[in-house]
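One chain, chain A, links the two complexes that follow: it is found with chain B in the first and with chain C in the second.
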Partner chain A sequence: MKVIDKSDFDVFVDNLIANDDREVVGVQEKDSKFAFETLQSADDLRLDYDVTILPPKKYFMPQRETLIEYNLDEGETTPVNRVVPRIILGIHPYDLVAIEQMDKVFEDTHEDPHYLEKRRKSVLVGVNMENVSDKSFAKTMGTATTDSGYDIMLTDIGDMYTIEVGSSKGSALLDKAGSAIDDVGPEEIKKVKQFKEELSEKFRTDPKFDPFELPSLLKEYYGKDQFWEKNSEDCLSCGTCNLVCPTCYCFDVQDINDISLSEGERMRTWDGCMLEAFAEVAGDENFREEKAARYRHRYMRKGRYMYNRFGDIACVGCGRCSEQCLPDIADPVDIFNQMKEGTS
Partner chain B sequence: MKESNLTKEENVENPGTSPYSTQKARIIGERQMTTDSKLFTLELQSGERLNHDPGQFVELSIPGVGEAPISVTSSPTRRLDSFELCVRAVGNVTNTLHEMNVGDSVGIRGPFGTGFPVEEFQGNDLLFIAGGLGIAPLRSLINYTLDRRDEYNDLNILYGCKRPCEQMFEDEVDHWARRQDIYHEATVDFCPDKVCWDGNIGVITELIPGVDIDLDNTYAIVCGPPVMYRFVLEELDEKELPHEQIYLSLERRMKCGIGKCGHCQINGAEEVLYACQDGPVFNYERVEGFEEAI
Partner chain C sequence: MKPKVAFFDFAGCEGDQLQVANLEERLLDLLEIVEIVNFREVISQKSDDYDIAFVEGSIATDHDAERLEEIRGNADILVALGSCAAIGGINSIRNSQDPEKVEERVYGEDADKVEAWDKAKAADAIVDVDHYIYGCPIDKDEFIHVVESLVQGKEPNIPTYPVCVECKMNENVCVFARNGGDKSISSAKREVQVPGSQEVEQGPFCLGPVTRAGCDAKCINEGTTCWGCRGLVDNPNQNAHKKVLDKYGLTVEEVLNKYNLYFGWQQEERKDE
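Our next item is the complex of A and B:
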């Protein structure tokens, strides 16, 4: 473990912004919330944030991403993979866990270079959570801290950050800070331990389940139609819970023609299983027509299907879905608690 | 901010490895099958074979319009340097394809998915049950078994359509009907006056009791519109055909074809299936517990 003074850290970040070939992005305040945005100055960085509006997945799987360019006059198509190499500052542990899960999905069977190249060319700078959002239950999901997934990981211990290096990419980044980096002393190690102990007291949700119970609870509840109908009654099928989820990756592919109608791009765009048309096929048949079925599908994905396929519980407890759901029905803590308590 | 993005953006070399890259295929033949369906014969520009298994599908790409998953209807035993797609004009991509002509090019990705277990079928009786456009994927397998006739035992083909004019592959159906080593029956839901039809009139399930099924050695292979499966499967249960001897080809909206986009998931209490990888051909015993399958 290393340490860096906060003032030196700011100089380090400003140097990266000015001199590094890669784009530097980080968490900043945005309309009294927080968001990952391009960083203009270290002063704008808010490593004390609680949760961002969108997870950092947008950097590896952008909301709109070109897969192919085509020219209709010449009948030519050209595959493209536009990558902006980035240094991403301030990723919380639960989002790092989510990224590790997403890596598995895009590496599995047919590798997806559009995602993977963006991942490979990014440096992930994690930060341990100083503040916890109202809806977060990362502690329960075991994602409030993590030992992997980052290139470097920062912990705020007052005047300085401690730094854990997780990869050679991280260590190369740290080299750019030069002599500002010091070895850690026993006092600082004690502070990190204390930081983590205090963190576990900061969660305000009340989950009554263990994450590893979720696959069996969901199996038991799958056929309880009334349970899903009751809980999804006010669902607007707006897909917000999908869009803000760090482990949701479903997408649509659309051809977008430019105004000349002779050129265009085949684009991958975010999609969501809560949207009504998600499981529609030609001829208007819809295999998930009822909102209760779509609502259930999302929970099955998070707590059972991904676990079966990849060994991960695909809810990292960030609380974004719960926080941003308009009719306030998307709180996984509420749903999983009901299951645990045997509500039908 | 946008500018800084652009200066730092780089294009990855060799994006040709992208699973979303298409290869060019030229339309070399086109035949009207019904009022809204056409048979297209395609040839890959690379000169290579498609190398598909019966039951697999391709993503058909028309730049500027989009992609659609289409099952390959030709058998890999025929047309060594080309392949056929039977396409009903129901959406943007398929309607645009219908307006295209011989000589025009489209994009192809694939073949994708799991096709029919042709080796497992060897030495057994096969009962094909096709409804409407469901004949398209089954035709690939039917012709495959006909070209390797000695590897398979009795072949039974039941084919149902809404009305006589919707029957496809007329020449081949006629050929099946005349061959002595195939049991073939056709039905239509409805036959208008003055239309000549010597087959059955009624739903396809009416044809099943007439088939002599050897329960130990018969595989049933079913493909049709979503509503057809439940009734056909009930009728096969009447015959007491074991579920592991029934194969279904299921339609879903397979957007990516490679198990990523999420659209073709078929969910159940235990797990989720991807029609694009685990299917589109499924063993009935494997999927019957999946609420969304049938």
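Our next item is the complex of A and C:
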């Protein structure tokens, strides 16, 4: 473990913004909320944020992305992969865990160069949570802290940050801070320990389930139609819970032709299983026409299907779905608690 | 041979045709793939020989209906252009009001001379409509997408999901969460200044959760709110949306007023279902 004074850290960040070829992005205030955005100055960085509107997945899987460009007259296609190498500052542990899960998805069966190239050319600078959103249940999901997934990891211990190095990419980044980096002393190690103990008290206390119970609970609840109908009654089918989720990765692909009809591009855009047309196929069939079926699918996906395939519970407890759902029906804790209590 | 395209207008402001005229140099690109034979905002030529008809405006008189039927007879493909034609639009605000009072308010002493129906209707209340381009006004890119799709014999791709999708993708702070707003303020009404005016709204409100996307959440991106100009999604959960508006302090009357701005005709149709 290393340490850096906060004032030196700001200089370090400003130097990266000014001199590094990569784009420096970090968490900044947006109205009363927070978002990862391009950083103009270390002063704008808010490492004390609680949660961002969108997770940092947008940097590896942009909302809208061109996959190929084509020319219909010539019958030519050109692969496109617009990669912007980035230094991403201020990723919370639950989002780092989510990125590790996403890496598995995009490496599995078919390597996705669009995701992986962006991912490989990014440096992930994590930060331990100082403030916790009201809806976060990361502690329950075991993602309040993490030992992996970051290139470097910061912890705010007052007038300095401690730094854990997670990769050679991280260590190379730290080299740019030069002599500002010092070795950690016993006093600072004690402070990190204390920081994590205090953090553990900041999470909501209502979760009654253990994440490892979720696959079997969800299996048991799959056929309880009334349960899903009741809980999804107020669903707006707006996809917010999908779009803000750090482990949702579904996309739609469309060919967009230029007005000339000779050129065009194949675009992929974020999609979501809560949207009505998500499971619609040719011949006007829709496999999940009812909102209850879509609503159930999201939970199955988070707590069971992904676990069966990759061994991960695909909910990291960030609380974004719950916070941003207008009718307030997307809180996984509520659903999982109901299942644990045997509500039908 | 290039398909022949014609534009027609009924009760409306012709703002959607203006959007087409505003394509400017792209209009010339458009002429590479279609021939325009009727478009009074741009050309003086007129013809009854066309393949694709774009109709703008609500249908509000017997004469309108006859003319629309004639257009339908001439065209292979009929497209409702803009919210008035596609969903009844703002003309249908009056549908829930006393027609005599409305006519008197607008035309005064000449009210007797008006032969308008009691209700303004969408084009598909009179004839079959093949495609819809929503918006008040329409989005220029969506118009091009529809033309380009029709020329190629493809089904245009118009979103069936609500505006929230595009709004989230743009990472806007939700209208309901602006100014530090959170759900705990439900009991206290908040007053919201309407951007660019002196008007104060009981707020916050946003019709995005029940309004068809495709606009890229433009209004919310610019700091205002969604007024619902693209109409309701196919299966809006209005009960859930009303509960949300109620939670943020809007009265039933206020909610109905908001819905009436663009959803008037669609709501009547839904009642009949």
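Structural remarks
Criterion: the second predicted complex is superposed on the first by the 339 of 344 C-alpha atoms of A that agree within 3 Å, B and C clash if a C-alpha of one lies under 4 Å from a C-alpha of the other, contacts with A are read in each partner's own complex, and residues count from 1 in each chain.
Operating definition for what follows: a contact is a pair of C-beta atoms (placed from the backbone, for glycine too) under 8 Å apart; a residue touches a chain by one contact, two chains touch by 3 or more.
Since we're looking at a predicted model, the values are computed, not measured.
Of the two partner chains placed by the overlay, chain B and chain C both lie in contact with A:Gln254. In the superposition on chain A, contact of A:Asp147 is made with neither chain B nor chain C. Of the two partner chains placed around the shared chain by superposition, neither chain B nor chain C is touched by A:Asp206. In the superposition on chain A, contact is made by A:Ser237 with chain C only, not with chain B. Of the two partner chains placed by the overlay, only chain B lies in contact with A:Ala279; chain C stays clear of it.
When the two complexes are overlaid on their common chain A, residue A:Met300 makes contact with chain B while staying clear of chain C. In the superposition on chain A, contact is made by A:Asp31 with chain C only, not with chain B. 254, 257, 261 are the residues of chain A that lie in the contact sets of both chain B and chain C, per the superposition on chain A. Residues of chain A that touch chain C in their complex: 30-33, 35, 53-54, 58, 63-64, 233-240, 243-244, 254, 256-257, 259-261, 269-270, 272, 275-277, 291, 324, 326-328. Of all residues in chain A, only 21-23, 37-38, 67-68, 70, 72, 75, 77, 79-85, 105-106, 108-114, 117, 219, 222-223, 249-255, 257, 261, 264, 266, 268, 271, 273, 278-283, 285, 287-288, 293, 297, 300-301, 304-305, 308-309 touch chain B in the complex they form.
Of all the residues in chain C, the ones that touch chain A in their complex are 26, 29-30, 32-33, 144-145, 147-148, 151-152, 157, 160-162, 164-165, 168-174, 176-181, 183, 208-210, 233-235, 237, 239-241, 243-244.
Interface residues of chain B facing chain A in the complex, by the touch rule stated above, are 1, 4-5, 8-12, 15-22, 61, 63-68, 88, 90-91, 94, 105, 107, 225-226, 251-253, 255-256, 258-263, 265-272, 277, 291-292.
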